[in-house]
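Below is one structure. I have some questions about it.
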């Protein structure tokens, strides 16, 4: 498949995620949108890794593999982030029985 | 002897220092004594110098004390020039000065000790500066004296500083002089620029090389300085006010010496003037205008000193006329005689005021003849002298100037004579109203009336004699060959009196006759008119204009003083406060304001923040897209 | 239109559609569901690109662990549609426009990229296989691998610090 | 060694001063300042080529900046002035009671160190350091011990000068990168103009000039001055007006005119016009001031305007005049401030309109004031006459501008105006009848007599026999002039 | 390598310390001990003693610059602990964990100062960020703290996404298909492909976010304001330094050759940062929040070094980071002891605590960039590094104008302390605390006069 397709697909997914972050007010949903962004990036990386593989496979059988490794690490980090993030959200909820980010306005100006 | 010339200014300086530093401690008698003695000492020295200078074949000498200024290739030594002109002025200053000091001892004795010694210390300081002025061998030293005497006149006019009007008079005097001085200064700068030196001999030697335009400019600027110091139009109005000072001061500074500094300066730089005919004309015309204006004003003044003040202005006008027509030695001659008779008149006025216990308005005097005999006689002498009645001194000097003027331009002569008539008229109006008729003052004043003490009368007598015989120093060539001792004495400096040569003897006789007769007639008319019933009512019509000095002061006030103040206020209130400071503080306020607005970006909404970040991102990309094009 | 292409298009459209649904759906639970669908679609792409290992990991880690975690939290807080009152239209519109603008500029800045002849090969290539990945991961990438333990540790500590009641 | 001492003594003394008791601090400060005076006198008596007058050690290697100071040229006379001024200030304000006096005197000494540093530094970066070091203590002094509106006023002053000096910093760095071997040394700066095009010099000029213009201050940049002078304690005002303004002129003479000759030449007319406008403007405003301090402040603006004008005239006479006048102006204005201070202390008012008739109550004070006032309006035989005479004649014969005559004539108007406001002040404050306030006025004390006596003596001596000052400054005049540019 | 591993181990130690040590003070003491150890290790590392000879496969690259920064950062942390260790311990109920997290952050920083692959950059940044999310929210009862941590977390995650997208594009654009910095730049050409530029800009944005440069700074004021003051101090100084060095490393090692293609973005961001940071700080009423904005403004100045990346910039940023950290740590240390953060809270402080006020003045003067303090030379290096390039003069002028504005808000504090009357609030501070402050201010003055002491370290190489 031409790489452009993947690029535009993932960029589209990414921007949907961004739009979600911008429009939604539920902290959890926003967080999910961010996860969507990360996944888009993962897909892009893998696509690129395959692209590089295609170009350089002859010289180096493992060409482009580090892209996939990177994805692996992204997943690692994402998992860690999720745990922390959900903990924070939960704490917030404990204190204010809401996860609406629009109520986060004690700090401003 | 002339090598000791520095002693001449030194003595008064010492007097000044003693009186100044120990004004608290030393007793009145002593301080007066010191002051007078110092002047006497320097008079003796100057006399010695005079006799040396007077010998044939004397060459002017320059005594350099030390380097005053030297910057780059300009060097200005602090040096004195001894030549006939300066020597003559030395004599006038120290001689008349001495008499007036003497007179002051008596006149000022009511003052308490510190003020008394303050008075003498200022007076000595004045003499010091005046001597510096005439002795200086270059324009800068001359200028030092020039401003110095201005300062002293300021201090002495404001001697009774408790009186606000006196202070104002003093300030006015100083500032008007200052205006003239600026002209003088600029002239000096120009001279430095052109000749790279300020000493007289260098400048005068180099002068012919300069363009006429340049010389005209310089001479006019110098003349501006002269008008300030010597109270000519347009800067004369300070002199009458200066009468606020003690009368001896008026006699010394505002009649005999300081006001003649202008004449000295122009006579000194006559070389330049000879090369700048336009300036000469300006000088002459200014002189004439001043003669008439001042004389007219004097006619209607009722303050004895004011009358004399205006007469001084108008007499100075004659001297400038003389300078303007190139009759330098004649002008100087008139300075001499004027010093005698005007000092005399002032001192008499002083003794009158003294007798009248401070009263100065002649309308409340009259018939003082029998109370103050000596004063009366001497005053009469003075009047005759100033009115140019032969053979009194004034006649010779004034007449020579007029003759010279005729030689230049008959119109000058006519106006001059008219001035002389008016002079004769108001002087004798003054005389008559003061001494003739019967006493019009209060009884209290009446039985306080008395002749002044001898310290005051002796100077009167001396001066009176001088006023009578002084004229014979400069008898016109007409009467006898080489009879004009003065112009002969001055000729090394000023050259022979050019004015009179080309006029034939007959004409000269005629002119002399005319002026004498007219003056005499005015004298008689004035006597007849005022001796019996002096006018006391308020003047009306043109007379009122004269009495109110043609509103010149008011004119200056509206034309210069008020606008300046308005401008100043405008600058301060509008430009300074509103505009510049407004801008400065405005910047500060702008920052504050934008800060207040900008912080609303920090809305506290995560959504908002992310949105702004996205917008920022988009913008960066847009920039990139543009750059790539 | 080969099967690969068909699959590609199908998965792409599915991913985009469900992503949009995930964003717009009111009820958080639905959002979670839609997101899971997205993840499946993306895993499908991975398979298509012959990256099986990551496909599986994706399913296990994301669709499995993470999303369950999300779901769990949402259930716990029993958030449902009406817990997010729809106010502030403008921010929404602005958000959509912002996302659109970002998409636009990204596409614009990428379209000059000359990648027409570059292709991401589908179906072949061994690098996606766990065997190769493992080799590389524990050879060249051992340092990051080890260091990520610090990351996990800090995340763990943090979660405990935040989470535990006091 | 001498320059090191000149900076070191006040610096250390100041630091020590912070830790002293209030009473001790006062005498300590006086002692230190007298010591400095002694050292500076020694330095001036030493032969010009003495090694003792130089000190040069590497300072910031990677920037190639040296700790280079030397007591030479223009610096000498200003160091002398500074060294003379501080003891005078301390003695004249001896009776003043400051709370936290040790801090006060400590800061004073620090500012002296800064000033001396500015006048001694021959390394641009060092110069900039001292430039600020002189400023900071004064800021604290003014806003700690000043009048009621002090915080705002002094802060305005600080921002003003700080912005100016930052612009100067840009200029310095720019020149630094255009010196042959990237050096801050004065000598290197003097050669830099060969490598900087005329156009560049034209804009670069303003970056550096702005700092000096604010310090002096020149017409549109002066609005900080009256407020600051009014609000500061008089001792600080003396430092500000007597010494700090000289930093501007000094900078002009040493760090701008010779470094950017073309720029200086190109903007000469513009700046001269600013100066002249400022002179007239300030003199007129001074005429209408009722507050003594503000009056003196504006008069000082006028005088400095003339000095700056003379610098740009670029003639031997004018520069020589500037050198002399920097010294004289310092002495005279400090004298004026002392008088103002005495009046304020006695009657705690500065309103001229509320005073009057002091002459009968305090004749000595009056005599002193009159002399100082006369010096301020440049009467002959006072020091200021020498300076102004030279400057004016220099401006008249200036080749740097075609408007020399116009400049001279318009500037000369201030000779009249200065007489007007000075005499007004003298008359309204000292002459006339006494009023309720001045009834119980008394004459000045011994220490005040002493200080004013010294000042008056300086005024007269320099006015009558300026030769020593000429000898002191002649070389530096030629040095500066040789580096400035005038169209042949 | 020493510092990375050591800090990780020390983190674990601190983690368990909570179990064995009950008293906060003892935990604090242990923490101080640990940081000393860490500092020693890193210093040894710099002097050529490497205790962990690990083959990093070129993932990490240890050079003097990074190691020096490590030392600086650790010593700043030491100072920070010496001043505030007690306060850290008493933020919440689990002191040991807080210190553990701080050590993990330090580990992240030492990765960020030595990464040689985008992967390591990513991991390093994450290791820095994730503990900070926690620390921000560590004052759990305090709603502000919670809010701050949630905001920080959401936006941080978002920026991570952007960073990853950027990395992905760079990966795609790199011809070799690797994440090593050396392979990113285009091979023997100075023209970046569009995709690379896209990735570069995205990466730039995410880094700008991490160092809180406008317009990606919005999290900073709220987070700094909401977080417990001690933590704010840590974030504003040590963390900022670390991330900033990562920023520099990235651009210096990866994209130096194509400078002229991205400089303009840095310039724009710098200008906006300076403007927003300084202007907004003017109107703040709370000193804590003012310092948050001022930290943004300071970043504006630091960014100049990325703009030029020349020797002066390298030397300068070292000086800048040090001086800025020392000054800010000192100020926050004082702030931590206060109840009332408003400007009025400082009124009359000089009367009651002259020494504290004096040191605070030094810190503020340094931040304002007044000569004789290190702050001036730091700023000097920045602007002269720009002027050396000969372009961007407008930026320099703008920066200095902003510096003038900054004087306004810094001096407000000084004015409050010295010239305003008021009953100063009571601070419980010991002589040790004051001594520490004095030492810090002395350091600042010393560096203000002899920057060589620090900068020369750059050129002493044992490795």
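Annotations
Chains: A, B, C, D and E, in written order; residue numbering restarts at 1 for each.
The criterion applied here is as follows: a contact is a pair of C-beta atoms (placed from the backbone, for glycine too) under 8 Å apart; a residue touches a chain by one contact, two chains touch by 3 or more.
Small disclaimer: the values here were computed from a predicted structure and weren't measured.
Touching chain A and chain C together: B, E.
Centroid analysis (C-alpha atoms only) places B farthest from chain C.
Simply put, of A-E and A-B, more C-beta pairs touch at A-E. The chain with its Cα centre farthest from the Cα centre of chain E is B.
A summary of chain positions shows that the Cα centroid lying nearest the centre of all protein Cα atoms is that of chain D. Chain B and chain C have Cα centroids lying 104 Å from one another. In terms of their C-alpha centroids, the spacing between chain C and chain D amounts to 72 Å. Taking each chain's centre as the mean of its C-alpha atoms, chain C lies 32 Å from chain E.
The mean-CA centres of chain D and chain E are about 43 angstrom from one another, to the nearest whole unit. Contact of a single residue of chain B with at least two other chains is seen at positions 599, 602, 604-608, 610-611, 614-615, 617, 621, 624, 628.
Shared contact sites, meaning residues of chain E that touch two or more other chains, fall at 119, 123, 126, 130, 133-134, 137, 140, 151, 154, 158, 169, 194, 197-198, 221-222, 408.
In summary, the structure contains touching chain pairs A-B, A-C, A-E, B-C, B-D, B-E, C-E, D-E.
Here chain B touches chain D in the complex through residues 66-74, 114, 140, 143-144, 147-148, 151, 154, 158, 161-164, 167-168, 170-171, 174-175, 178-179, 181-182, 185-186, 188-190, 192-193, 564-565, 567-569, 571-572, 575-576, 580-581, 584, going by the rule given at the top. Those residues of chain E that touch chain B in the shared complex are 151, 154-155, 158-159, 162, 194, 197-198, 201-202, 204-205, 209, 214-216, 218-219, 221-222, 264-265, 268, 276, 279-284, 405, 408. On the side of chain E, the complex with chain C involves touching residues 4, 8, 11-12, 15, 54, 56-57, 59-60, 92-94, 97-98, 100-101, 104, 107-108, 111, 119-120, 123, 126-127, 130-131, 133-134, 137-138, 140, 169, 173, 193-195, 197-198. Only residues 591-592, 594-596, 598-599, 601-602, 604, 606, 608-610, 612-613, 615-617, 620-621, 623-624, 627-628 of chain B touch chain E when the two sit together in their complex.
Considering their complex, residues 605, 607-608, 611, 614-615, 617-618, 621-622, 624-625, 628 of chain B touch chain C.
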